[in-house]
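See the structures that follow.
What follows is a pair of complexes built around chain A, which joins chain B in one and chain C in the other.
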Partner chain A sequence: MIAVLGVVLASAASAVGDVLSSEAMYQSAMRFAIVLAFAAAGEWVAERAGTLNISIEAMMIGGAYASAVAFGAFDIVPLALLVGVLAGVVVALVQAHLSHQLSIDQFVVGLTLNLFVLGLALFLDSKWEAVTSVVKPTRLPVLHDIPVVGEALFGQPWPMYLIVPVVPLAWWLVFRTRWGLEIRSVGDNPQSADVSGIHVNRRRRESIMVAGAFAGLGGGVLVLGQISIAGYESGHVGLKGIIAIAAVIFGGWTLRGTLMGCVLFGYFFALQQTLPVLGYRINAQLAASLPYLVALLVTAVFATRTRQPRALAQPFVRGLT
Partner chain B sequence: MTTTDPAATHATSTSTSASTSASATSTSASRGVTLVLLYVLAIAIALALSAALIAITGGPWRKVLTALLDGSFRRPGRWGDTLAESAPLLVVALGAIVSTRAGLVNIGQEGQLAVGAATATYVATHGGGPLVLLFALVAGVVGGAVWAGIAALLRYWRRVPEVITTLLLVFVASQGTGYLLTRTFLLLDDDPNKPNRVQTSAQVDADTRIGFIRVFGNEFPWSVVLAVVLAVVVAVMLSRSTWGFKLSVLGRNPRTAQRIGVPVVLAGAAALMISGAFAGLAGAAMLAAGTANYRYTPGFANNIGWEGLLVALVARNRPLVCIPVALVFGALRTGSGFLAATGVERSIVDVVRSLLVLALLVPPAVAAIQRRRVSPPPAPVATDEPVVAVAR
Partner chain C sequence: MGFGGEGAGATALAPAVGLRGVTKRYGPVVACAGVDLELMPGEVHGILGENGAGKSTLMKILIGLVQPDEGSIELGGRDVVIHDPQTAAALGIGMVHQHLSLVEALTVWENVLLGDASRFDRSAARRQVMETAEHYGLEIDPDRRVGDLSAGLRQRVELIKCLRRDPKILILDEPTSVLTPGESEQLFTTLRDVVAAEQRAVALVSHKLAEILHATDRITIMRQGRVVERSRTVEATASSLATAMVGRHVNLRSSAAALGVTDLVDDERLRAEREAAAAAAAVAARPVVLDIDRARVVHDGVAVLDDLSIQVRAGEIVGVAGVEGNGQRELGDLLSSLVTLDSGSVVVNGRSARTGRAGCMAELGIGVIPEDRHDSGCVLDLSVAENLVLDRIGSVARLGLVDRKRMRARALELMREFDIQAAGPDAPFGSLSGGNQQRVVLARELGHDPTVLVAAQPTRGLDVGAIEYMSGRLRAAADSGIAVLLVSTELEEILELSDRIVVMSRGRVIGELDRAEATSERLGLLLGGVGDDHDRSRGDAA
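Moving on to the complex of A and B:
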């Protein structure tokens, strides 16, 4: 009995050892984490303004499909990414104006947008199939020779590196600009923000635009920056936007924590891809739902321990308290 | 006498109050006309956009329209299918209304439906006896309720927004029920002469199937009748029962609900679980009414959960309005089967549907804003009391 248990434990330990020493694992996890981080950084800005956008999913899908089509048409990666950003912003425009100008329930708008964009991309893809070629990894000299993690951190396709300016940009916007101060006040106490002359719903709409731009870029990077992906496929995004929201909750509405959440979820997404390659047999359904199960678990543990923006997900209508 | 001064109106005779109420009805009538116009405009824009989308991608939009009508109503035997398709949409929508009434956003019906269908399949394929159909339906109800219960638990115990958890659970449900189909002691068909290699459950027995009603060459399962009855029951319960009243207080203001003695956590969790139970029932009824040839298959839910949720949104959470809306959405589903002949992908139906829903969200919101602008908030009633007395 004890011997069996010992063998099981030993094999589990060796599996962990293999995973931790596998370069492919780190590379794959890093890619998932970066894609999540684009969306999560945007969603973090929007949530600091007190909005909760499940349409971040739609923004990612829009960005992914538009980028893939634009790349197929022009064959220029920066232009394709820009088109992805635009698509994300367009989705964000609809979400922002319906939910924070017409005061329609933001979850209702978000859900409908998710289904709409998913269906639209599926329909358009049947006509204009978006095929992308693989972007070659850009290896930074010397640094990518670091054992184990060098390739993951410094040997990615170049669109992945866009996360390096995007995250500080999000931080700077929220903590170092007047706009960011207003965003935070709108997220914590919209009534007093309103009284002190801040246009609450306009700030919220703008924060959603930022989320749309970042998430659209994330969608573009998802299709153009991944090694293994050649074009848009329905289900590519596959609730990664919702996982990004889970990352924000995990991070306790701090940017640093949010990024850590992205790395965590990226790791579990990568596990599903890498374990079979390393020769471990894992139940396919369990492996596929692992990131989602972890997201459920992690939000359950962390949702109450941290201070969320006080007016999170509460619509603002002047005169109502 | 001016009616603009609220204090004056407050103290006047019946003649003035009659005139103000008359003017109120006239403005509300004009508002009603505006609302109808807005609705017509919104639907027209949505349909025009859809037609434009089809035209841009090189499809014949007129043919698409006739194909949709042929497939849903005009061809012989089609409206029976449309009714059969609408029933689960209606049931899912009713559940969504219950949770929305309590102020909870359950958007995981797709997963709850899959789990309900899977548990019903388990009971149907492992059980027997005269009451097996009833047991299968109950199993579906329990399965859906439990799956929504996870979200309720996380909502009230750990304060995780139910929007996120119900969505994540959809994915877990599809994978989890997929796992059930890989083991013969769970759901996988152990018949060696399986028709194809797709992993499906065994076919449920004849006594677990819902009977069909035949009218004018159309046939539909009696679960359609059950769905309509459920709609009436939910409508009555929500508008006429204490439970329904407590639920709407809870949805409008949880703090008030607590003060008047509504058990917030219990009532909220129950509402979420009831909403899941409806989705699970829809799944079980789909199985027993012959969806996927009386088998549980991967992708069994087939977007019924999402579309049922949209039915509730379009009906603006009124149970009886759900009946015609579910019929329209069911017609879109059956009609989309006839699109292959026109060369337009059937996924266009998804686009048209969600575009319609988006368009239909706008008119009531615009009307609400207009109402706020027209009538300013009530001014405080002037009293003879000194201010100090008020402050005390």
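Moving on to the complex of A and C:
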């Protein structure tokens, strides 16, 4: 299976040699990767605590739409991003309390939320005007002149750079705080955590809040730093939340691996966008399905072999045992 | 680190903790009925009882995992309500859990810190772990992953975790169930120090008589949720304790398995062994029925079965002894067709099993009484009759539909033969007592004349009467020519029933003994082979 994946990757890259030297390709891949990384960092925290949080998609959609509306109303980017964070947290509150307080199946809650928030955003869009806009890129002097990758790494709109504090923050939370220790314990062995005196479901709810905040921010960055079409469209998030989950699985539940997964998927999203621009004729539907096809392969290969949190996706109810 | 405050003289009179009239019901079942219990500082208090006597529930009440329906808890002279484990910890109550409270994915120091409320400081935590470890002579490397440690070392971590919080009251729930005899001895030595030098109160919960007699100062015996006897350990004898625990006079030899007192019945045992030796000679001439040859199963990069070879002859009971978690469960799973072999083979009467296919072992005539009857032995929501025919539904079906009449007739037949007490064949399986549930599983597996019977921990969780019945049935099965493989962590049960004993450690057979040469001491030494290993890893850690 790994071999199959390798072949797909290699052929995709080598068949189009000039893609590798295209600055636009790297620029685009980096933007996709960063947007994915916000959601994936949040998802990673939630999964380390034992929730396979598929409503990460809804959290991104909520963040994206709310940010766009707030930007349309106030025209202040930081404020719009903050509103996006809040929207993500609101979705997270619903997911967290339904799945880890009322003990409703987390997948049922997640699927329902994904569809509900998608529809809600479309419905509200007819009332409140949402405005997306790419903030003018901040070019770091000298560095952004590095050939090929300079523009991608050092010439992004400023909201993109929020990923720089967010990723270390996620790592620090999980590995350097008592809260993080408890998060990891409830994700791996909730019974042991419980008898050790840890509020298992409270910690899991909190981890979902963190996921909501990060994914909401990711949604905001998406509409204010990447999407250049005016107006909000339902396809903006377009299952990027689900791809973020695939990135966590690809990364074997390590943060570093998760980020590598984001880069991988970002590359395929960019490929789909860049190939036509470079003059390659490729079936648009096929190109659009590429990232999801790779995600399917990745989850099939990695989901079973890596060390996942042992209690992932298992609800915790204090029993008689 | 000491238990501060009052001196030893004063505390000899005041109990560290007192339970008054504690009652806990689960539906119609009364787990604890008006229990009074006092733990004294500076004493090890043994709480003895059969499985299901209410010992564990009582301890869970003390630690805040279970809320009592009635009764009060008095701590240091005032009434307290223990809502949750955090409250218990704040009140100075610590517990070493039967199924440890450790998280495998975390390191030793992270586990020790888990559940604390103090500031999160990595280096201070590691230092404290090492200090506590040194103080009690429990050496450990704070940076190892707990998942990589042996059962004995894990319990050491658990003990350190508990002691670091300086508890006034320390509860140990069946602490030796995963330990070798050597490790158990070491544990009790540590406990002595903790109690004598630091005036802590210790509650030792166990169903093993020998352990209670050896390690405690005072004994409370529970039966069916009630306290039936209290005595000082020096005044108690094994037979008086056994009688109180079971509620009737017991034949120590036939019940030794349940009570853990084989060494008390040496004379009778010697006689039995001589008879057994003669029988064993006859068995040795019979053909090999079950032949497991270099079976290897790798899971997560660890060989859970490592070139395991076991042969069982017709009419022979082979006991597989070993400390829990050394591949016994995987052996049971293999013979239940749940596991695919990476290499090696399982052959029954010359026919090789295609492992990994559902039902491949049953096709060859292997019947299994699984380790956890609720998990893999039966379906709680189905009726007794349905459970009895579950694996051979074809035998009571007509035209692809279940013939309920034939099913009930077959069920009634088996219920008579195996003396299953139930309201009827349509009674829900979940309404049966543990002993009767186990009989249903036994009846089903013996019902279609297996050539091999695998019994994995067949008496776990059963009362003495049910254990006697089960032992008799296994013996009878062997006498009728079935090859019986008995997998058990209870040494006494193994010694009681087996014609031949193999000792398993880390997925391998590390020793084999004939009935005639097997004593609990020799078996203990063989199990101690694990102990040697464990000492080496201690050396590494230091």
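Please note the rule applied: the second predicted complex is superposed on the first by the 300 of 321 C-alpha atoms of A that agree within 3 Å, B and C clash if a C-alpha of one lies under 4 Å from a C-alpha of the other, contacts with A are read in each partner's own complex, and residues count from 1 in each chain.
We adopt the following convention: a residue touches a chain if its C-beta (ideal position, glycine included) is under 8 Å from a C-beta of that chain, and two chains touch if they have at least 3 such contacts.
Keep in mind that this is a model prediction, so the values were computed, not measured.
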One more residue to check, A:Gln273. First (chain B), second (chain C), both or neither? neither
Pick one for A:Thr254: touches chain B only (first), chain C only (second), both, or neither. neither
Between chain B (first) and chain C (second), which does A:Glu182 come into contact with in this model arrangement: first, second, both, or neither? second
Which partner, once the models are overlaid, touches more of chain A's residues, chain C or chain B? B
Contacts of A:Gln314 with chain B and chain C, given as first, second, both or neither: neither
Just to be sure I read the superposition right, which of the two partners does A:Val195 touch: chain B = first, chain C = second, or both, or neither? second
Return first, second, both or neither, reflecting whether A:Thr138 touches chain B, chain C, both chains, or no partner chain. neither
Please give the residue numbers of chain B that touch chain A in the complex, ascending. 53, 57-58, 105, 107, 154, 157-161, 163-165, 167-169, 171-172, 175-176, 178-179, 182, 306, 309-310, 313, 345, 347-348, 350-351, 353-355, 357-358, 361-362, 365-366, 368-369, 372, 377
Chain B partner contacts - residues on chain A that touch it in the complex: 52, 54, 94, 98, 102-105, 107-109, 111-113, 115-116, 118-120, 122-124, 126-128, 238-239, 242, 245-246, 249, 283, 285-286, 288-289, 292-293, 295-296, 299-301, 303-304, 313, 317, 319
Would you pull the chain A residues touching chain C in the complex into a rising list? 176-178, 181-182, 184-185, 188-189, 191-198, 307, 309-310, 318, 320
Sort out for me which residues of chain C touch chain A in the complex. 26, 63, 65, 84-86, 88-89, 95, 97, 99-106, 110, 113-116, 119-120, 122, 161, 300
